[in-house]
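Across the two complexes that follow, chain A remains constant while its partner is chain B and subsequently chain C.
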Partner chain A sequence: MNSFLLIFSLAWRNLWRNKRRTLVILLAIVLGVWAMIVTAAFMRGMIFQMLEDTVDNLAGHVQIHHSQYLDDPVINNSFDPDSHTISRITHDPRVLMWSDRIRLPAVVLSERETTGITMLGVNPARESKISFIGKSVVEGRFLNSSSDTGIVIGQALADKLETRLGKRIVLMSQDINNEIADRGFRIVGIYDAPLDPTEKAFVFVGKETAAKMVGLKGAISEIVLRLHDTDMVTPLVTEMDQLDHTIDVMSWLEVEPYLELMIQMMDTSMFIWYLIVFLAMAFGIINTLLMAVFERTREFGLFQALGQKPRFILFQVWLEAILMIIVGLLAGNFLSWISVMATGDGIDVSVFARGMEMINMSNIIPFVITFNDLMIANITVAVLGMLTGLYPAWRASRLVPADAITRI
Partner chain B sequence: MNHVVQCEKVTKIFEQGLIKVNALTDVDLAIEKAEFICLSGPSGSGKSTLLNMIGGLDTPTSGEVYIDGEEIDELNKSELADLRLHKIGFVFQAYNLIPVLSAQENIEMVMQMQGVSKKERNEKSSAILEEVGLQGMEKRIPPELSGGQQQRVAVARAIVSRPSLVLADEPTANLDSVTANKLIDLMLQMNEIHKTTFIISTHDPMIMQRSKKLVKLHDGRIIDIT
Partner chain C sequence: MTTNWQFAWRNIWRNKRRTILTMCAIGFGASLIVFSVGLQLGQYDLMISGSTRIYQGLVQVQKKGYLDEARMRNSIADAQTLANNIRKTTAINDVAVRANGFALVSSRERTYGVAVIGVETRHEGNVSIIPGLVKEGRYLANDNASEVVIGRSLAKNLKITLGDELTILGSGRDGSIAATIFPVVGIFDSGSRELDRGLVQIPLNSFQQVFSMGNHAHAVVIYHQNAELVDTLKTQLQPLLKAADPDLLALGWDQIQPGIKESIELDYSSGWFMYIVLVAIITFSIMNTFLMSVLERTREFGIMLALGFKPINIGKLVMMEALILTLFALIAGTLIGLAVNYYFLINGLTFEGMEEIAAQYNMPATITPQISIESTLLGPAVILIFTLLAALYPAMKIRKLEPVEAMRHI
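Moving on to the complex of A and B:
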């Protein structure tokens, strides 16, 4: 204990002996830690935003379809929303909210243009809570009820069709007998989604109106669910998918498989990034400490002459490295916290927006600091840093006292 | 065996590439408790090398060194460190003190490694600082002390835990003659009071005069003991 206190105060004072050198290397550690944490937070934020966008983008956390629907999304591959299985799923306590839809490929015709879209027949009360549409109508209004006869289309689609609020457009699709079904709708609302492709792809009509148009009686094409917690998605899907083989219960990640790939890729690249940052840092730590050891060669000889064992010298120099790393980690975490706080909602990346839209993302990326990422960054620096400090410490302890003392 | 130090045919050969330097050749020396010995000889005669062998800072090429009857060649690094910690005090020519520690902390350092309690350390270091005439300078760090004061702290540190032996390698070489004389006075006084054995190397004739026993080295051999 006595020896430890001595070694501790020696290490601490020696750390500040060459203030400038220590501050430079501390700066390197602080910036390294900061770069690790902030990049992790940014990447996490990007994933988070992507998932949020996906969920908002009509996918929800969990989707229910007819088992054939994904292979062939036609009207006949629909299911009964009042079945025992469905009500068991929608009443599960893990489910926060849900929305049922008739979802059909269709063609839209304006006075000037024709284009293919996806028609969503929705219950507006339920739909507006679960997807982006609830907060996205920028002109006119959203649908009033399932039997509303109006239509809500995206800004980009309105531009493409050269139409506007109050105008009529015609939707054409297939009915249950494989006959062409069409119907005119008045545009009652225009929405603005985070992404242009969404605006061009989806139009919203009342569910009852859609059912009448294609002759569906009570059946629907999909139900999307939002759960209380994303961690519940996989267990719920696994459990519910076994209930009834005529329906398909799947998670968002199955719907958008590239997302999962993306998450894995980010984890890997994050780790590589950590290693690169750390290598730069380790180089600085080793250099600084070796220099400090070299300058103090005589002192280490003196310590040995006074009866300090080689292992105490090793520990003394090592502790100096450890203290440096601890101080650097504390400051680095603090700086990261400040910078994340300072950015508030996130960083606006609209400058790169074109690239971002390609990977299905919106313009504001929030910083998301997870406990895991924090731990990984801190543990990487702490553990590898301590190992790095061991080498100069070992060199110091290996000095032969007589040689060390004669060197002045 | 009542010798504090005993050297038997101690030989040290330094090899630098192809050149061999016989720093010590067949040195026999026995030193008893409470002796005050001066090791003299011109520069390069082997004084430092002999002190290093006695203090276990380096090992002889052949021959044996005994401290309090214990053959130090048999000890490993850690045991040697313990031997130095408990039995030997060192004073070098310069840079004796740990720069980041105050005068008092430098003195207490050795006791701290020995596991002496804080209270006892404080008492002993204050007492010894007064004995060497440095009261009031406890808190000063080495750069704030003069060369003579630093050497006094080094002597105080060397004797504070009552070692069997103090080895001083040209302790006065960097001091003016008045300060050097005072330091020798101090060491003689410590030798009288505490019965500590001193071996001091020097090539200063004034110091040789004042020693009780003079060992003359030349080209690594003892040529005279008076």
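Moving on to the complex of A and C:
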């Protein structure tokens, strides 16, 4: 134990013998660690935001459809919400809330323009809790009840249709007998969603009103669930999907397979980025330590001549490397923490608003530091750094005492 | 002068291991950046050509305001004459007129709302690959034919096949009802979900009749494979447009699809954040080497000063050493990066999961890096600047050396 303390204090003091040199290489390490953690936090934040937007954006955590609905989203592919299976799912203790919808492609006609949209027939009380719509109506009001005869449309759609609050618009869709059904609605509310495409794509009407329009009797197109905890999603979906094969239960990730892929790709590319950053630092670490070793050649020779074992020298130089990396890691983590704190809610990328819209994202990206990312970054640097430090340490221990002493 | 270079060259190799390690750091950075910038730019080229070649064209002539609000009334009068003028008087040949509408299309069983496009059947193939992607049946025969081609997903959704009749129901330019029944003569498969699900094409004259358009249309689409020519094309069009109608605008792909341009910019700037961080780390890594090589020669510099060398000359010498070392490393690194780029240019680069993501942007699943002056020299130039800055600090230190004191230094 004593000898360890000795080595430790020797290593620590040696590290600071040339302050400037140590500080320069520390700067490289700190910058590297900072870059690793901050880029990971940014990427993670981007994905986090995407998932949040997706869930908020009508998808929920879990969706239930008729098994044919996703391939062919028409009225015939609807299901009975009162069946045993469905009530078992909606009454599961893991489910926080749910909303049932009639969801059909439709065409909307104003006095001036015509365009295609998706009509959502909802139960306003349930829907406003589960999706963005509850806090997004900026003009007028949201629907009062399932049999409300009004319609709530997005700001961007209102502009496109050249219509406004209080005006009437007509919805056309296919009814249960494959005939075209239409119905006029008065615009009672206008909502403002984070993304323009959402505003242009979805209109909200009362569920009963929609059912009457297309002739559905009690059946619905989809149920979305929000759970208490995202970790429960996969087990719940696996379990419930077995119950009834006419019903398709799927998680948010299956709805957006693109998202899951992005998460996977991000993990790999982050790790490659860590390795690249580390390699860039490694050259500096080796060079600096080698220099520190060679300028002390005489000293190491003397140590050995005095009876110090090569192992001792190896360990001492190695400990210098390790201490340097630990200090660098601590400072790097601290700096990352400060810069993440300093950005608060996240960074504003609205300069690229339309680019972000293309990948379905809003304009503020929060930094999200996860324990996992932190561990991977720190462990990569620590493990590889220790390996890197071995080389100069080994060189130091291989010096021949007699030669070393006589060398200037 | 030559002596100085020789001097610098020899000084570099006084400590071989250190020099080689430093060169490795610089060369590694250079090759990495050359490779990834090439890859990035290659990917952007793909995104741009994908988005322009499939359907949108490189430049579109539209009436002012049509881009923001695609209203049927906001149309170009006598668009075909304008297109013919463009073909005749300029070197631009890939020109086609389109009229855009929205309508409900119904088969016997199903109804969907889609974009209905009236096209010049003879010219559409020059500006879009859709006519070439008709996988079943054939493309539209002539501008007066009463027929329709639709996307594969739409055909599936509507449950119709070749020869079946499609009812088109929308509103015309004057607000009247536009309705007709055309047989499906072709089914295309473009690979773009949006187009395959939501687009039908009919001949231009038939469109103008059904939608009461007269001789009006909504866009003159112009294609050129070199996306950098956007501005040149726009300038060439200007006099013709002015003569036809002062309210006509020539819009580049970046205005028609600003999302693509901005996502490229977003990606490019986050890419540069990473490169700059990487270069900074490398700079700190090698700064120590430069610093050491000066500090360990304090005695030597002292003697040189005593012999009458001016500090500025010694400073120059140190900078020359840094320059030689960096240049050699950069050349080696750049060559390696180029070689890797070249390999992937020949063989194409693809990785797992790319296909799905690529489909989102209408891109093929293999990327080929771009090899250009920009992709090759930009990264190394940044590294050169940073490393020379790193060398400047030790070089400046020499000015503070006192000959006598320096000579006593061990």
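What we mean here is this: the second predicted complex is superposed on the first by the 408 of 408 C-alpha atoms of A that agree within 3 Å, B and C clash if a C-alpha of one lies under 4 Å from a C-alpha of the other, contacts with A are read in each partner's own complex, and residues count from 1 in each chain.
The working rule: contacts are C-beta pairs under 8 Å (C-beta built on N, C-alpha and C of every residue); 3 or more make two chains touch, one makes a residue touch a chain.
Just so you know, these numbers come straight off a predicted model, no measurement behind them.
Novice: Could you figure out whether chain B or chain C reaches more residues of chain A?
Specialist: Answer, by number of touched residues of chain A: C.
Novice: Output check: A:L27 vs chain B and chain C. Expected answer is one of first, second, both, neither. What do you get?
Specialist: second
Novice: By the touch definition at the top of the document, which applies to A:L5: first (chain B), second (chain C), both, or neither?
Specialist: The answer is first: A:L5 touches chain B but not chain C.
Novice: For A:I89, select first, second, both or neither according to whether it touches chain B, chain C, the two together, or no partner.
Specialist: neither
Novice: Name the contact category of A:P310: first (chain B only), second (chain C only), both, or neither.
Specialist: Touch status of A:P310: first partner only.
Novice: Give one of first, second, both or neither to describe whether A:I47 is in contact with chain B, with chain C, with both, or with none.
Specialist: After superposition on chain A, A:I47 lies in contact with neither partner.
Novice: After lining up the shared chain so the two structures overlap, which partner does A:V237 touch, if you call chain B first and chain C second: first, second, both or neither?
Specialist: neither
Novice: Just to be sure I read the superposition right, which of the two partners does A:L157 touch: chain B = first, chain C = second, or both, or neither?
Specialist: neither
Novice: Would you check which partner chain A:V74 touches, where first means chain B only, second means chain C only, and both and neither mean what they say?
Specialist: It touches chain C, and chain B stays clear.
Novice: With touch defined as at the start, can you tell me which chain A residues reach chain B in the complex?
Specialist: Those residues of chain A that touch chain B are 2-3, 5-6, 10, 13-14, 17, 298-299, 301-312, 400-402, 405-406, 408.
Novice: For the complex, which residues does chain B have touching chain A?
Specialist: Touching chain A: residues 48, 52, 55, 57-58, 77-78, 81-86, 88, 90, 92, 94-96, 98-101, 109-110, 112-113, 115-116, 157 of chain B.
Novice: Within the complex, which stretch of chain A touches chain C?
Specialist: Interface residues on chain A, with respect to chain C: 20-21, 24-25, 27-28, 31-32, 35, 39, 42, 72, 74, 105-107, 109, 112-117, 159-160, 172-174, 178, 180, 257-258, 261-262, 264-265, 273, 276-277, 279-281, 283-288, 290-291, 295, 349, 351-359.
Novice: If you look only at chain C, which of its residues touch chain A in the complex?
Specialist: 17-18, 21-22, 24-25, 28-29, 32, 69, 71-72, 102-104, 106, 108-114, 157, 170-171, 198, 258-266, 270, 273-274, 277-278, 280-282, 284-289, 291-292, 296, 353, 356-357, 360
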